[in-house]
Every structure is written in structure tokens, then in C-alpha cells.
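The two complexes that follow have chain A in common; it is paired with chain B in the first and with chain C in the second.
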Partner chain A sequence: MFKDLDPILHSQLRLAVMSLLISVKEAEFTFIREKTNSTAGNLSVQIQKLKDAGYIDVTKQFKDNYPQTICKITREGVAAFENYVISLQSYLKKD
Partner chain B sequence: MRDEQLSPEQSLQLIQSMINKTRQDMSDDAIYFLVWGWITFIGCTGQFILKNLVHVEQHYLVWWLVPVGIVFTIWQGRKERKNQKVSTYVGESMKHLWIGMGISFFVLSMILTKLGWGSPVYPFFIMMYGLGTFISGNFLRFRPLVIGGVLAWALAIGSVFVPYDYQILFAAAAILISYIIPAYLLRQRNKSVHS
Partner chain C sequence: MDQSEKTLSEKESLDLIARMINKAKDACHDTGIAAIMWGAVIAVCSLVRLAELQFGFTMPFDIYWLTFVAVIPQIYFTIKEKKNRKVKAYGDEFYDYLWIGFGICIFLMIYTTSHMFNEWKPVAVEYKSLAGHSSSFRLYEYSSSLFLLLYGMPTFVTGVSMRFKPMLWGGLLCWVCCLVCLYTPVKTDLLLVALSSVSAWLIPGIIMEKDYRKAKRTLAEKHV
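What follows is the complex of A and B.
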């Protein structure tokens, strides 16, 4: 079932993260956590998977002495997201 | 949110809802339009009254409101940057557009200082107000700003046909139509989106 759909993106939380990042320039980890209503632990794991796949860039820095993690979609990530949406549309047409 | 497998329909719904969430989080640009709208509107009408009705020689001193606006903009910008958790392309584009517009207004003022302020300056200022609001309206997908920009361009042309002292009233009208009224409508839209 859904064998053509990119397995990295075809998961609820990872898809939510990518959908957020596709429409912004960059976003803080805390922003993504609030919007996806996820736990920090689970979100960290899924962000790492997206990073390993080359779909997002993760930058860790300090802002006013507080650690800050910033996520940004990569060109490969945009392409993968577009392909995923095209595959979804073709599935929906089949139905 | 848990990590679950989705049907294609659920995937599309999820994508749509997440994109909507980022749209709701766009920063409140209305405050800048309001502050600068009122500063320039008071500047234009104040200068007209001081020059033509009260006959004050140093009528241009009313423009000392501009540095107040600059200080407020820097302070507000810093405050927003401190709390900013997300950076959008629209936000970045708006920032660069209005920094560019501000520099252009400054350059135009410098040119006119050399040429003499008696030259017909206001049509150029009004034209630039139109340009800024027209582009901003399209960035924000907010029609009142786009319409305001078009009307400002019409006022820029119209102002050429009136005496110099009255051109400033055309500038005030352009600011009211292209900045102040759209800014209140934008604020209303932002409030309804957030609620």
C-alpha cells in the first residue's frame, strides 16, 4: 500500500514538520513543537531523520544566552515534498 | 501529534492545516503602517496649516516627528526579533522593501534639498507611497493596500494640476487612503485570523 510514497515523508509528524517548513524561510524548534503539538523527544527524533535524509538543515546557536535550534528546508527537501504531493494526487485520482 | 501512517486524504489535510498555521503566524505589519501613516499625515496637514493658515515661518519643523518614528521602528523591530520564532519570506520581503523605500525617501529629500524645496516635490513622494503600498498589498495578499497604491498613483498625477501649497494636501489624502485606512483594515483582518 502506498509503495510509491516517500517513506521519509509519509509519516504524520515528519510530514507536518515539512509542511511547516515549506512555507517559511526558517523556524525555531520551539515553533515547530507548538504548531505540531508534539513532544520534544519525538520531534527531535523525527527532525534528525529528516536531517539524515538531507531534507532539512538544522543549525544550533545561542540567542541571548539560550540555546536555539533553527530548522530550514533544503532544495532536496523541497523537491521531495513536491514529488510526494504529486504522488498523493495520483493516488487520489485512482480512487 | 503521534507518528502514524496516513491515508492520502489525511496527508493532504495535514499539509493544508500546517500551511494555514504558518499563515496565521505572520507578524503584525499593521503597526508600522499606522505609525508611519499618522506621522506623515500629521506632517503634511500640520505643515499646510502652519504655512498657509497660521503663517508660521518655520512650518517644516513639524517633520521632526520623523526621527520619533525611526526610533519607534528600531525599538519595535528589535522587540519583534527577540520574540521571533519563525522567519517567513513575506516578512523578509516586506522588511527589505520598506528599508529600501525609507532610503529612497531620504535620497529624494537630499536631492530636493539641493534643487530647492520650492520645486514640485509632492507628486514624486505620492508616487513612491503608491509603489510601496501596491507591492506590500500584493505580498500580503491584501486588496485594500493594492487599491490604496493605485489611488495614490492617481493622486500623484492629480497633484500636478494644483498649486504647490495644495499638493501637500494631495499627499495627506494619499497617505490616508493608501496607509492609514488599509492599516486599520489589516489590523482587523489579523485580529480575526488570530481569534
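What follows is the complex of A and C.
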């Protein structure tokens, strides 16, 4: 049924991350973790998958001597997200 | 539960997207502190100057210096807010530059109008010596209109782009008062400036602050 849906996006946590990032210019890792109620380890893995797919950019830097990870959606990510939503809507229309 | 691999139905996916977008939106609320502060400062300055004219007393310092002093807490609030902010919205940079540009315009307007007053002074003196009475044209009577013209611009743009009606109406009121000030005496001008700053910044700022607190409270209750 979902064979046409992007497998990278069709998972709860990755979709949650992408939905957050589509609405903002960039967000800190801690912000995404708070909003998705996920664990740091699980979130790191999923963010890496999104990064490998080219859907997000990840910048690691230091802020007040603490490591800071900033995530930002890429153009490819925006296009993939839009396609995913269009596909979802078409499935809903079929029902 | 492995949250990442959980299979979602179409409806669940769309619900999740909507929920996350709302969460991101709630995190981008403006605190409204700067609007409250500037609305109050400009209103106080105008009303104190009005009281000086009405009751014939003089403050030991020019009350409008308060606007320069207010820049210090403004810088402090901006740095603090930016430091605590974990998320950057798309419009953040636009609003930052819009209001910085407004600040520069106000500074230049103060410099320009005071330069014009100094240039005009000898002309007024000469007119008085030749005509035997002061000219009915008083340059300073037009300064309120010029400032209100500027106040309206970033306020209106912010109100429209944020879809925040109190600021939109506040900006429009500044422009209406700008026109009215051309035909009213200085004391009325000062009242209109106070009214404009309260409507354009103080009231919208209070509404923003309330919304910000509400969003924060809601998020805390949901533990997100």
C-alpha cells in the first residue's frame, strides 16, 4: 500500500524531525529531541540517516564551550517532504 | 518502542506532520519585551514633554535622552534572547534587519531635524528683527509627523507579515496621526505620539507577551 512512499521519510521519528525542520530555518539538536520526545541515541541515528539521504545539513560547533549540533533542511529535503505529503494526500483521496 | 521504525497509517502521518509543525510554530513566539519597553518609553517621553509645556516646568535633562538609555536594555534583551533560542525561524533575520534599519533611520532623523533646527534658528531671528514679530512657521511642529511616519513603517510591515492585527492597526494609526499632527498644535501632537506608541507597540507587546507565556505554559503542561 505504501510502496510509493519515500522509505526514508515514512518512519515516525524521521518524519517528525523533517516536519519540525520544514517549519523553521534551523534548529538545535536539543530542541528536536525535546519536541520529538526521543532519546539522544535514537535521534542521532535517525538524523544521520536523513543526512546521508541529503535531506538535512548538520553543523557541529561549540557554544559557550559546549558542543552544539544544528540541523537544517536542504532543498532536496524540502522537495522530498513535499512529494511525501502529496503522496499521502493522494492515498487519503483514494480511500 | 522503536519510535523511528513504527509504521504509520496515512492519517497518522499527516497528524504527526501537523502536530510537529504546530510545535515548531509555538517555539517561535516573540517575547514582546522590546515592544513593551519601546512603547512605554516613547509614551513616557511624549507625556513628560507635554507636562513640561502644559505646566511650565523643565526637567533637569532632556527627557528624550531616555530613548538612548533604552538602547542598553534592548541590546541586553536581544543578546539574551538569541543565546537562549534553540530554533531560528525563517523570518527572524528579516525582522532583525527591518528593526535595525528603523533604529538607524530614527537616529538619522534626530540628527537631521536637529541640524535643520540649527540652520533655521538664525533665519527665524532675522525674520523677527525685520518683521517685528516671530514667524508663524515653527519647524519643530512638524517633527512629530516625521517621526510618526517612520514609526508606522516597520510596525505595519511586521504586523502584516506576522499576520498580527494589533501591530498592523498600530502601524496604520501612526500614519493617520502623522497626517493629523500637521494640523494640530504641539501639545496635541505629543498626545498623538503617545497614543500611537501605546497602540503600535505597548498593547501589541503585551498581547505578544501573553501569547508567549501561554505557549510556554502549554508546552510545559504537555512536557514537550
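Operating definition for what follows: the second predicted complex is superposed on the first by the 95 of 95 C-alpha atoms of A that agree within 3 Å, B and C clash if a C-alpha of one lies under 4 Å from a C-alpha of the other, contacts with A are read in each partner's own complex, and residues count from 1 in each chain.
We adopt the following convention: a residue touches a chain if its C-beta (ideal position, glycine included) is under 8 Å from a C-beta of that chain, and two chains touch if they have at least 3 such contacts.
Everything numeric in this text was worked out from a predicted model, so none of it was measured.
Chemist: Please indicate which partner A:Phe31 is in contact with in the superposed arrangement: first for chain B, second for chain C, both, or neither.
Modeler: Touch status of A:Phe31: both partners.
Chemist: Report for A:Asn83: first if it touches chain B alone, second if chain C alone, otherwise both or neither.
Modeler: The answer is neither, since A:Asn83 touches no partner chain.
Chemist: Quick check for you: in the superposed arrangement, does A:Ser23 touch first (chain B), second (chain C), both or neither?
Modeler: Both: A:Ser23 reaches chain B and chain C.
Chemist: Which partner does A:Thr74 contact after superposing on A: first (chain B), second (chain C), both, neither?
Modeler: A:Thr74: touches no partner chain.
Chemist: In the superposed view, which residues of chain A touch chain B and also chain C?
Modeler: Shared contact residues on chain A: 10-16, 19-20, 22-28, 30-31, 35-38, 42, 46, 85, 88, 91-92, 95.
Chemist: Taking the touch rule as given, give the residues of chain A at its contact with chain B in the complex, in rising order.
Modeler: Within the complex, chain A touches chain B at residues 2, 5, 10-16, 19-20, 22-28, 30-31, 35-38, 42, 46, 64, 84-85, 88, 91-92, 95.
Chemist: Tell me, which parts of chain C touch chain A in their complex?
Modeler: 2-8, 10-11, 13-14, 16-17, 19-21, 23-25, 27-28, 86-90, 92-93, 223-224
Chemist: Flag every residue of chain B that touches chain A in the complex, lowest number first.
Modeler: Contact set of chain B toward chain A: 1-6, 8-9, 11-12, 14-15, 18-19, 21-23, 25, 82, 85-89, 91-92.
Chemist: Considering the complex alone, what residue numbers of chain A touch chain C?
Modeler: 10-16, 19-20, 22-28, 30-31, 34-38, 42, 45-46, 85, 88-89, 91-92, 95
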